[in-house]
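These are the structures in question, set out in turn.
Heads up, the next two complexes both have subunit A, just with different partners, subunit B and then subunit C.
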Partner chain A sequence: MSSALLHSLLDDAGQTSGPDWLKQVRVEARTRLLERGLPAARNEAWKYTPLRALESRRLRRVAAASQPVDVDPGLYTLAGVGSPRLVFVDGTLRPDLSDVSSVHGLAIESLGTALERDAQSLRASLGRSFDADAQVFARLNSALPSDGAVIRVAAGVKVEPLLHLVMLGSAGAADAYWQLRNVIELGEGSALRLIEHHAGGQGCSHLGNVVNQYSLHAGARLDLLQLQAAPDSVRLIRRSDAVLDADAHLEMRCVEAGAQWMRHDLAVALQGDRARLVSRGVFVLNGRQHADTRIDVSHQARDTACDLVWRGVADQRARGVFHGAITVCAGADGADALLSNKNLLLSDQAEIDTQPVLEIHADEVKAAHGATVGQLDEKALFYLRSRGIDEAAARSLLTLAFCRIAFDSITNEALHGQLDALLLERLPRAESAADTAQVTG
Partner chain B sequence: MLKIENLHVRVGGKEILKGLSLEAKAGEVHAIMGPNGAGKSTLGNVLAGREGYEVTEGSVEYDRTNLLELEPEERAAAGVFLAFQYPVEIPGVNNTYFLRSALNAQRKRRGEAELDSVQFLKRVREKLAVLHLKDELLHRAVNEGFSGGEKKRNEIFQMALLEPKLAVLDETDSGLDIDALKMVADGVNAMRDPSRAFIVITHYQRLLDYIVPDFVHVLADGRIVESGDKTLALKLEEHGYAWVAQRTVAGAG
Partner chain C sequence: MNIASAGNAVQAAEAVVSPGNERIVEAMNRRYEAGFVTDIATDSLPPGLDEGVVRWISKRKGEPEWMTDWRLAAYRHWLTMHSPEWAKLRIGAIDFQAISYFAAPKQGPKSLDEVDPKLLETYDKLGVPLHERAKLAGVAVDAVFDSVSVGTTFRKELAEAGVIFCSMSEAIREHPDLVRRYIGSVVPQGDNFFAALNSAVFSDGSFVFIPKGVRCPMELSTYFRINAGHTGQFERTLIIAEEGASVSYLEGCTAPMRDENQLHAAVVELVALDDASIKYSTVQNWYPGDENGVGGIYNFVTKRGDCRGARSKIIWTQVETGSAITWKYPSCVLRGDDSTGEFHSVALTHHCQQADTGTKMIHIGRNTKSKIIAKGISAGRGQNTYRGLVKVEKGAVGARNYTQCDSLLIGKRCGAHTFPYIEVKHPSAIVEHEATTSKISDEQMFYCRSRGISEEDAVSLIVDGFCKQVFRELPMEFAVEAKKLLEVSLEGAVG
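Let's turn to the complex of A and B:
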């Protein structure tokens, strides 16, 4: 399929720098893209998120401006979260907005710098080919030169401060495209807490394309909050690929509270024995928002575990899609897999499609999955009203409570309160319940 | 304070209350007893304004207003409180936050000043002590993971905090051991007041040893078939509900 989108971005790839292997990766990805185009609607992975409209658009890469645009720090400041902070605007690192004062055992640099210093250490990550046509945007990300964050934690180091990685778009033209490639590596037995934060100024309408690659070596633990609070005019595509060695633990929270159109592919490979993924997530949609979350967990070693609890809320004419696939490979005996996805429809015209998929090729596996789409619990609603809380406030309160499972384990009260407030803003009749933004115990 | 006249209520197309009349004045405690399926819980739910209960005939006057016209939250602000037979678990909503929202929503509707967190917590501590409830319950989600006894005590705690004028207790004694029953009764007795009325719905006489009623009514097949003082409860305990049914049939014949 010929694609205006791909041609507009690929025909003028510009000068490319970097080692030969990387140039080769780009060329191969580019060739593949132009050959294969964007997936058609019959591609199962894109069935609920058609690309036809996007495909016909001509986009333009945002060039690094000689004069950096002014950015209001209020756009990305989070309560209870300080430095270290790394800020990317329109796909380019902004050292003037970042603060990466040295933290023992934590190395933070831009992808450009990291490539100049030691390209070879990035070969495994950047050399990855995305073979499935469904991974078209990761392929696109590979075909173009990219900036991004390279974050490495030395073996045995448990990083104390919370790292804030901000990715935002500035108010730009409707045809703007930017991308980022983030590489996050945790050495053996190390630990890191990271917030990936998508934000932006009202009115910007770019397409952002982010690929995150996480490697957790044996015994490492990553606590990750992905907070997607991009303006409602933005299109955002993310791919998060994680590989976990033995005894590694990825604890992940995803809050999708923005963007007009967003797709997130989360792929986690539990490669080492006893590797463990815990993920909680929620999307809260209104207007004509479209959000598609696609999770793919693969148990590849013994006694690996995943525990996925995701929630979705859609109001007005919004459309939510959730696909949760867990594969237990042959030999991954003793795997323990749990997937729960519950959804709330707040309007007759909203739609949520959910699809849990479990595929098991091993023995002695514990697996459970379930998905529901429903409305608020009438009994709970009446209980609150019978105590004097008016119906609209009761609905907001119950809806927020439904979402909180995604971040209730966050003990930073200020941050928790801000997440509450952020979601409440998106719920119906938020003004009457604005003071509901309070931390639960 | 409350005047129910000839109340007929349908639930799911089936008539449950069939001409119930009852009058309760401020300061009085009315016990409503009756066999399973008599319509006891329907009465509580209708008074609180639950959806799905269709009033086909009769009236309910509360404080000189038509109670049936009010939304549940308006009834609450007007002073009506229902202690649920099955309190609802609400994960994700903090108990303290819920109570403060409820109290302040009521106060706001009544045109009273809302309580700040200091004033609110002071009030909470006073009431908790009476019901021997642990502080820790306040920090949990509403009723989530509470034992049966804790849920019922939490209902009475809410009542104590919200200080209603008309409190309807729907089988608050069911599932309680004797210690919890006494705590619940202590909580209710501490709130007895010349300006407040109670309707205590129960299946067993036992609760009425601790909350001594001014009046006892027997509800059977959707209407009050017998009313008396507290000794009626003792007779019921002795003879069973069949005795009332027989007397009713005899009276009708």
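Let's turn to the complex of A and C:
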């Protein structure tokens, strides 16, 4: 199937920098894309997020401007989070906005620089082919030259400061497209705390396509907060691929509170014995927002564990889609897998589609999932009302409490407070609830 | 990602079989008990399918023109369709031209006394309650042997209550208005690939009509049996319960051993009007193929109930132990306000069996409720998938669903999968889904063994407990049969 979107982006892919193997990867990805097009409506992975509307759009890659656009730092500043910070605007690194003062054991560079210096070390990440048609946007990401961040933590180093990776859009044009490819590698026994932050100026309406590849070597630990607070006019496609070696631990929190149309594929391979994933997440949608989160966890070794707790809130005419699949491969005995997905529907125009999936090929396994769609607890509402809190504020408070599970474990109080405020702002009748939150808080 | 090496590790792990497992393997490799073939000359169509075949079937059954046209419309639609590929099943290409679409026993028996003794013997082996046994069991039987009904009992008693219980062919002849009004109203001709095929070539099936306010005086039962080789069976069942009526319908199947894959594509339609209730129970034990996955029935069934009236209720209960491939999603369309749908299922896969089964609950009316209890048991290399949809449409104020799916794994090479789809478009709905997967725990086994219970009995006890929630929903005689079926398949299955 031919797609105007793909043709508009691929036809002028003239740049051919980089080593030969990378050029080869791009050519192959490009050929497949033009051959296969975007996945059809009957593709299960895109069942609830049709691409028909996108297919006919013509897009243009945002060119690196000779004169960098002015960006208001207020767009990405987070309370309690300072340097090191890495800022990308429209898919290009902005050294003037970034601050990567040297931290022991932490190497940060742009993908371009990293490729020039030592391309071979990136071959495993960038050489990956995305074979399934459902991974079409990751394939598109591979087909085009890309900037991004390469973040490496040396073995045994526990990085103290919180690293802030900002991905901003500034372009106002509706046909703007930018992409990023981030490679994050944690050496044996190392530890890193990272915030991936999607933001943008009001009114920008680009399509962003971000692929993150994390590899955690034995015993490494990554604490990751993905905060997606892009303006409600943006379309954003993200893919996060994580590979965990033995005893590695990925602790992940996702807050999806922006974008008009958003798709996030999170694929985690627990390849080493005792590897462990903890994932907490929430989406809060209103207006005509569409958010589709798709998680695939694959247990490939012994005694691996995953613990996924996700919440969803959809108001007005929004549509929230959640797919949480856990696969336990044959031989992955001792796997302990748990998924819980609870959703609140706040309007009769909104829709929630949820699909928790288990695929189990081993018998020494503990696997369970649960999904619900419903409303707030009437008793809790009554309790708050009986304390003199008006109904709308009570609802907002309870809804916030419902969402908070996604980031409750964050100990940085200032950051926690900002996340609260961000979500409250998106909930109905936010003002009175915010007051009450302060009064009662 | 290094999946290939993980795969090798997996294979190495598989090779380790604990000593206890050997006994399981032996016990599980028992031959199919119902595997025998009755030698009766059949009057079959040669293999192949075209409009001529559809017309021939319709003419042979003496159907009116509208029925022939209905079949032809289905056939033409079928030609434009493709076999569904979304299920988690590995199916070899099916050559629909290699199948014979009609087989009927040559003798046309008019009463049970005229029934071929060999045929009765077959039923005897299977324990069908015909003759006195039927009477004693209090069950009216519409037995289907291959494609034509050979005996129907208790007709009079049912007729007195106003209940119509007959074969579909008979219903088309004698109650054409009813059939015409309801057939295809729940599962339209073009609903899906296999339903379209069935609509074109359906051979026979059962027809039940319970008039207004009547509570069917006995449980209705039909026995399906595939007998002749190269023969697809295309049953079509239609059950209508008018206002305030209620009926419990039992369906059981077992088939003789064959090497070729036999295709079965049935359609069951249920219609429940205001305050009516229909309970449909199935025990399916068709030939599952041998331990290497050779042969076995391909079972592609479309079952759907329409709760058309307010406060109507449809309950599906199934125990699926047979067939090489099961593709089956008994569904409820909850159209009437305050209507209820329930689905209770036990599915067992063993050796190379594959099952992709579940249900759909479509909430359309106000205050509709649905409940799903699905238990899957996988052993050997069996692959067992639950696939279910719970959909709450925009107008379904106060819809309520509860779903529970549990899987039990017995052995290292089997698989248990859960694919629920939940789509909610109304904020007042409450939808809950829970699923667990586990094996029989060492603690459970140890507890039973310490009480002097043998290993085999312990497994059977635990499996029975695992399935109890579903068995409770079965009519008593079926519950006994279902329990026995599982025991036979799973004795000593855990080491």
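In this text, the second predicted complex is superposed on the first by the 433 of 441 C-alpha atoms of A that agree within 3 Å, B and C clash if a C-alpha of one lies under 4 Å from a C-alpha of the other, contacts with A are read in each partner's own complex, and residues count from 1 in each chain.
In this text, a residue touches a chain if its C-beta (ideal position, glycine included) is under 8 Å from a C-beta of that chain, and two chains touch if they have at least 3 such contacts.
Worth saying up front: this structure is predicted, and the values here are computed from it rather than measured.
After superposition on subunit A, the partners subunit B and subunit C are seen to fit next to each other with no clash.
In the superposed model, A:A414 lies in contact with neither subunit B nor subunit C. Using the contact criterion defined above for the overlaid structures, shared-chain residue A:S386 touches subunit B, although it does not reach subunit C. Put subunit B and subunit C next to each other and count what each touches on subunit A; the higher total goes to C.
Of the two partner chains placed by the overlay, only subunit B lies in contact with A:E378; subunit C stays clear of it.
In the superposition on chain A, no contact is made by A:A174 with either subunit B or subunit C. In the superposed model, A:A41 lies in contact with neither subunit B nor subunit C. Judged by the touch definition given at the top, the superposed model places A:I352 against subunit C, while subunit B stays out of reach. In the superposed model, A:L398 lies in contact with subunit B only, and not with subunit C.
Once the two complexes are overlaid on the shared chain, A:A63 sits clear of subunit B and of subunit C alike. For the pair subunit B and subunit C, the model built by superposing on chain A gives 15 Å as the shortest CA-CA distance.
Contacts of subunit A with subunit B, set against its contacts with subunit C after fitting on chain A, share not one residue. The residues of subunit A lying in touch with subunit B in their complex are 377-380, 382-391, 393-394, 397-398, 400-405, 408, 436, 438-441. Interface residues of subunit C, counted against subunit A in their complex, comprise 1-3, 6-7, 9-14, 86, 392, 394, 407, 409-439.
Residue ranges of subunit B in contact with subunit A, taken from their complex: 48-51, 71-73, 75-77, 81-82, 84, 87-88, 90-94, 96-99, 101-103, 105-106, 109, 138-142, 158, 162.
Within the complex, the subunit A residues that touch subunit C are 42, 44, 128, 243, 269, 271, 300-301, 329-333, 343, 345-348, 350-375.
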